[in-house]
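Structures are listed in the sections that come next.
Each of the two complexes below includes chain A, the first together with chain B, the second together with chain C.
Then we have the complex of A and B:
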């Protein structure tokens, strides 16, 4: 499936989600009269209006449901013809669509496509859906706000469904089955239906086999009861109803099918949380095998394992911190007072580390001077900004490669990779890497690994240096040029453009649009403590642009007159979340509230397949002195010497995450895309850029 | 790390007469019974520098220094001893060994520096900014300055003059102005262009140049070639580089200016990304010119590394400094000496013999094989090897070198007694220097004099 198709499909699917909650709800209630206890459905997670972000969302409903459906689908002979399709990751979109197709929404032009996909991928369900919509509408999946993001997540998740089911067994999984079976039961039993039911039963049995708990029994009870007679309430059924209600209530708090406001906001993101967490789980890799049987052309397990990033260092784990300190190149005293929520992030007492590192300069024999210099510059804050840091690092690596000669008895591929890894860990010590740098390093390593063995050392070195040059040129500089061209079309005469902080690509856009002779005004929003905006302002003024300079606390006042917001990004994650300088989310939110389009300008090499919902789990902490101290104002520096006070903690966050809802468009080197299309770019182009 | 280290060990400094002589060049003056040069070499060795060039003025001195180094560091360091004629100055010395220098940067250390500042810090600061020169600066020792000479100690009432004026930018990273010694007799002139470019200048008089420089090699060689009148690094080369930093006349390979010429197209963009992202120093701002487009002016950076106050950093370039360093190394900065101090906070070699009722106070050192008679008292002094000291002798605040014979009833205060000197009975010395092999006849009293044999 090519990228273009998905990006077309996506917004429409989403539209379906919105339409869903308004009209399909009445019919189910009408048709539900018979066997299914109404409470169990009205209380399903998807309808529950109250929403608490604290509750752990139960995405397992979907996932397990899906897994069953899918296991059923495999058994169906028809689907085999489209197997390759199914194996493609995106095909899961189809697997998830039955809910929509069931809702009887063949209106959208692509729904036929969706339907066909659904029918091929999930054999029985597709037929079921085409057969009877009314029955299907009681299926809880009906109101899902289906975005690609979610699909992406489920694709990520699919690998572990098989083992997830037996683990959790009872409650939720069973409940879903009940729903399915009941819906089928109350409907007229077509042949397909019956078969489906059998499938479901089988799946449920398989699910509960692992623990053989009450859940399984329940299901069986339930199945039989609904099978034999329509609305008889046995004891088991009542119990089951209660069970379902309880589960639904717990689940409903965090779940999706809600009034518009909630549906757009945190709902989906919360659903996402669990998959993303699970994905990081190192145990996942070993249990994937089962699903691999089905997914024929999916990358083998070993490769997949490589893709899974190693669990990040948690700095509240004392043992690990101590261990890593032993390996550390230089001594970094940890800050004593750290904010509870951010203990897992490294925070050091700034000031002494630079001198410590500097004094070790001549002792670090293994360190290449160029890498060392870059490290010092990171640490001292001489080089900031994703692109600049990435270029500086790559240039340093270029020098490393130039000066490299393979020691006797070693191979270039292995030794150079190890060397680069040690340099990278040194750079991480100096400052945590940005995601763009992570991508660049991955590129670099893959280039080294893929070097043909026949190359001589000089040829290999030349090839690698050339690769770095190409990466910088194509992925950063040319990408910037393309972005500038794209973005300039969005600047019209009379516009008032707002930007936050200092993004080099936004600056280029502004300058380019100015060169084109467009008449516009720029609002530069800045923030303490770095005041990056001032440097941008100075350069813009030097070129003769008319500017307004303000601080972020006034952003809601200036937003009235703004027509477009251009923002840079440190990274864009595959759920569309923009990870950027702290304050970006605030600006984007205000712009969203004022209905001002927010355009994120970000090179595609900064895209990352990670999913992040908040800015807590991964972030960077700056020097607490920066916020405690006001330079040039000795009269307000009451906080100056209190950084070590026990009951005072400073939090100087460096990044924040902007939810995709606030972003109208991401301008990247592959064009202008909605935030939901980020995973497509990540998936489709990553392979290509690793090959370059 | 692509650094070459040059230690300028000097020859027989005139300032240190009568302590130095042909047999004992400046580099071998004992500080806590170790040649002063060993402090520098050890500091470098700690920083993992194994290859270095030691430049000595004068063939005789070079012979002595070379002999000592090869004996002491034979298997530890790879030292090349280069001889330059006397009176060529520090710049001349570097000019003479220029063909040995090949690395990207050169670290030039004075051989008389007693310090625990890691040399790596200077080099790191140098690399961080791609500077042309980085100078280490330390705070002025309390007891006054080298330029005050030996007279400094005598009249303590004299207000300490201002001998160093160092101007820095507010971030204390760049050197904007430096003036030392004689220049200060006149009014100091500060470059207006520099002041305008920086906007603010910190001028300090309580700092001094520690004579540890990191130079960009090609720049250094170019300056030395072009300005053949330059004699001293400290007084000619460094001020010249600082003065001309905003209208650089030197061609720097590898520095931004050099790149600018060959840059085109994409490289230019990446350069701009880098430049925009990093906090620009005033050099870059100035180079950009008023309209902020392509760099129009050529600049180079002169950086400073300021040794923190907790570090010890003194140059042995006067008799006063010699005494101070000796006192400090066995006193407050005793980690430098490398000895283990006893419970009484002093070092008495096990082979030393003390008479009855003889006391050796804290912060004292008694060398190997020295003998002391009865009822002697030693306070805050260093006594070398194989000295023979009679009874009832007082040694306070003094340095007694090796093989010195001191008769009964002598009183030595604030003095330096060089090797092989002989003090007969009841000599009283105060603030004196006794040269090599000099014999002070019995019963003499001297105050603030320099006693030495006449040179033949």
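Then we have the complex of A and C:
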């Protein structure tokens, strides 16, 4: 009904000293005075090095061409006229939507040059430390990204230390120093340079270790897997380089490394640092001790990596994409023109891949037919909706487990986990997983891992199948029933209920309330290109409900007569953000503006501990042809066949994020809760998933 | 003071006519009556314009208008008539009446909140139970709490208190492993502990809230809440210098009583009519209200007028503090004002109202959480969103 997080009245707190700029709530005066200066400089918003107000610079580019790209990234021309609204929101919403607050900051008059510079350097942090994070998109939310980045750096360091320490006393120090210096100088050193520096050091290190034989090579390979730039130099080339280095090392000339290393990376700054590193090199202890030490240090490191959730694949990272392509079961032609902001998401030219997949059917001997079937169904869009997809996947896994027999010399626990992982990656290729499916997979894997070793294979298989059955029954089917019961209490006679798209839970609620004999009317709001609401409408009409059908364009018109808004969700995140079909946020926002309560119906297994502030960093892109083409209207299909035009980009987003302030209530199988209580449910019941 | 009230007349009627014999000893329920618990409260009549909850409040707070008294008298006589046939049914299941009786006994203590009385009554059920097994005892307790709840469906704290008691008492893992007698004594122990906690809640809240009352502040209070009274009393005892603005609290004028009590403590008090809240909000430093119930969203259900005071305070950036015991936390989630069962209360306008004119007699409203700053409870000082966390932990 109302915002839960609208700036609350706080008791008087005496503030001592000065308020730092990092204060998430910009002082109200700033926002009040903002409008005038913005008007004054709105003519030239993009010539400054600041971020543009709507677009976040794409994360994947090297800095050399970034400024140019940034100006290219400004694809929304009305942004300047929209900015005052953004600033308003920053002021009103307070710390909630920091994606905006960052964007608002640079243009605000009181944020000094220093401030904007700080934000850019921070942006750099996000970008070049791993290349996996979509830079500014979610980082300003209070350091979430920053911490992960730090973790990343940290683990990187940890990974290097064991190699560095035993060989030369100062090696680790050099590494650390290098990291620090590169991070402090980040505003100036480009990503490429930094990479080059690291590469050079690594090469030098590998060379010094050369004596260790295969160990060094292996280590280097492992390193390279985390290094994106290495994708350019092939493995063979690197081995060649190492051979050369080893030969040089054998000759006892420490200096011999330098040119090779420099050739490997070639940056202006690394030459300065190189001598200090190499000066220590000859004084290195035995490599054997080093390898021992390494072995001892590795487990904790690995555990730490387990704690950090694996970063999502960023599809703007060419190296990784190429690598994953090699592994891919089938080749999906990628869409040529993707919208700048969403390049980190996969987008394929759907349609052609189906035949590709079919032709590969006979080659896919490793793929279980049930999984294959589900994958094709995902691809073709035959199975949609979070619950249906999740159940289809789990049923397929059930068949996999039934048909499974442990190969000789392997254990069920490990082999089956690996198998399921490979199936999961196949399914991801077909369509990105929803978060609910991720939860289900996590549950499945933890059940496998927790199998007692004493169980025989048949027993274990039976137990796993039983677990899947229980998951489907308890977490999905029964949960839906409970939600329906709860939600029906909120339907009164004379209500007008609005729903958007087609959510199976909401449909069940409407039908159940109708069965109870409540007198209400339904407004089904639909949108292009999927028209999911029409199927819902048909089913509702078949049961005799009185319905109104409209498109999302008319939602602000229809909202004044609505008394409740029922919405489904793909997942609900820890900060109460609802991740759902694109358009949901719009409906919720309009409802909020009209003071109509918004009820989100979502099973608790779809709750996720992640925090997301926008719908940019994780989303799904649909087929751009879908929005380019209007079926049955040849007169307006001028956009058809222009998907590959250079100056035209189609953005067909599948999901969006609804901020928790627009949500009055979330109805789950644990009852009706406010969106602020999602983390409580996650905290209290996450264990249960694993223990069931 | 309470004995002047119409509620007492009802009680007396019940006590005298229904069960003159000792009803404290509980008899195990005959198996036939388990299926349908009778509504034992004869005055729970849908036609009645006064909800039982407000009768109790009026009984305790003792501000009675002539009009109200007349209506209550009338309701009481009607209740006796309707109660007549219930006595026949009720004769079979004397046990359920005994709980109510026990509850009424406790309720006569003017300082005891209704929920605490219910908790005490339920503890007495355990003590007097003749059940032989744990299951039997639990069923008996369940029935007793159900009958208490149905005695007054409009009281949120009564329902919530009963539910919480059941949760608190029966949720011990040790129960299964012990023999019945020790398990029972453990239950009694827990029940008494819970009663004690609930009883002390007001004191704890008063202690917690002292940090928020600073010298020279002006506090706006709406309605009469014993918790808020306790808070202000303790602040006065601590030699804090503050001023209180009391709303009149129509229609039962509960604000007048608060003003009286505060004047006795030498606290400077100023009375306002309910519509002068926005006019005086300028000079107010904080708003203090009690609550009939705290709902899952973190909002409160309280006497009519709380919502508009909270709105005015919010728009003027004044903090709104709620003092509420944790047994008032209810698993309700109203989405808007009309989303609750109405609790009705007659309003005395002083002049005759034409029959064509409709009168809004709802006695309470719902204040959404975003207009509240903090809740002072015996669990600590909470933000509204923590209420749901506590409820989830208690109930799930």
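The criterion applied here is as follows: the second predicted complex is superposed on the first by the 386 of 692 C-alpha atoms of A that agree within 3 Å, B and C clash if a C-alpha of one lies under 4 Å from a C-alpha of the other, contacts with A are read in each partner's own complex, and residues count from 1 in each chain.
In the analysis below, a residue touches a chain if its C-beta (ideal position, glycine included) is under 8 Å from a C-beta of that chain, and two chains touch if they have at least 3 such contacts.
Source: prediction; values computed, not measured.
After overlaying the two complexes on the shared chain, residue contacts for A:664 are found with chain C alone; chain B is out of touch. Using the contact criterion defined above for the overlaid structures, shared-chain residue A:672 touches chain C, although it does not reach chain B.
Judged by the touch definition given at the top, the superposed model places A:382 against chain B, while chain C stays out of reach. Comparing chain B with chain C, more residues of chain A are touched by B. By the touch criterion stated above, A:585 is placed in contact with neither chain B nor chain C. In the superposition on chain A, no contact is made by A:537 with either chain B or chain C.
Applying the stated contact rule after C-alpha superposition, one finds that A:562 touches neither chain B nor chain C. By the touch criterion defined above, A:490 lies against chain C but remains apart from chain B after alignment on the C-alpha atoms of chain A. Put simply, chain B touches chain A in their complex at residues 1-3, 47-49, 104, 118-121, 123-125, 127-128, 266, 269-270, 273-274, 276-280, 291-293, 308.
Across the complex, chain C meets chain A through its residues 212, 285-286, 296-298, 313-314, 317-320, 331, 333, 335-336, 338-339, 368-370, 373-374, 385, 388-389, 392-393, 395-396. Taken in their complex, chain A has these residues touching chain B: 355, 357-365, 367, 369, 372-373, 376-377, 380-385, 387-389, 391-392, 472-473, 476-478, 480-481, 502, 504, 507, 535, 538-539, 542-543. Taken together, the chain A residues at the contact with chain C in this complex read 1-6, 8-12, 490, 492, 564, 597, 599, 664-665, 670-674, 676-677, 680-681, 684.
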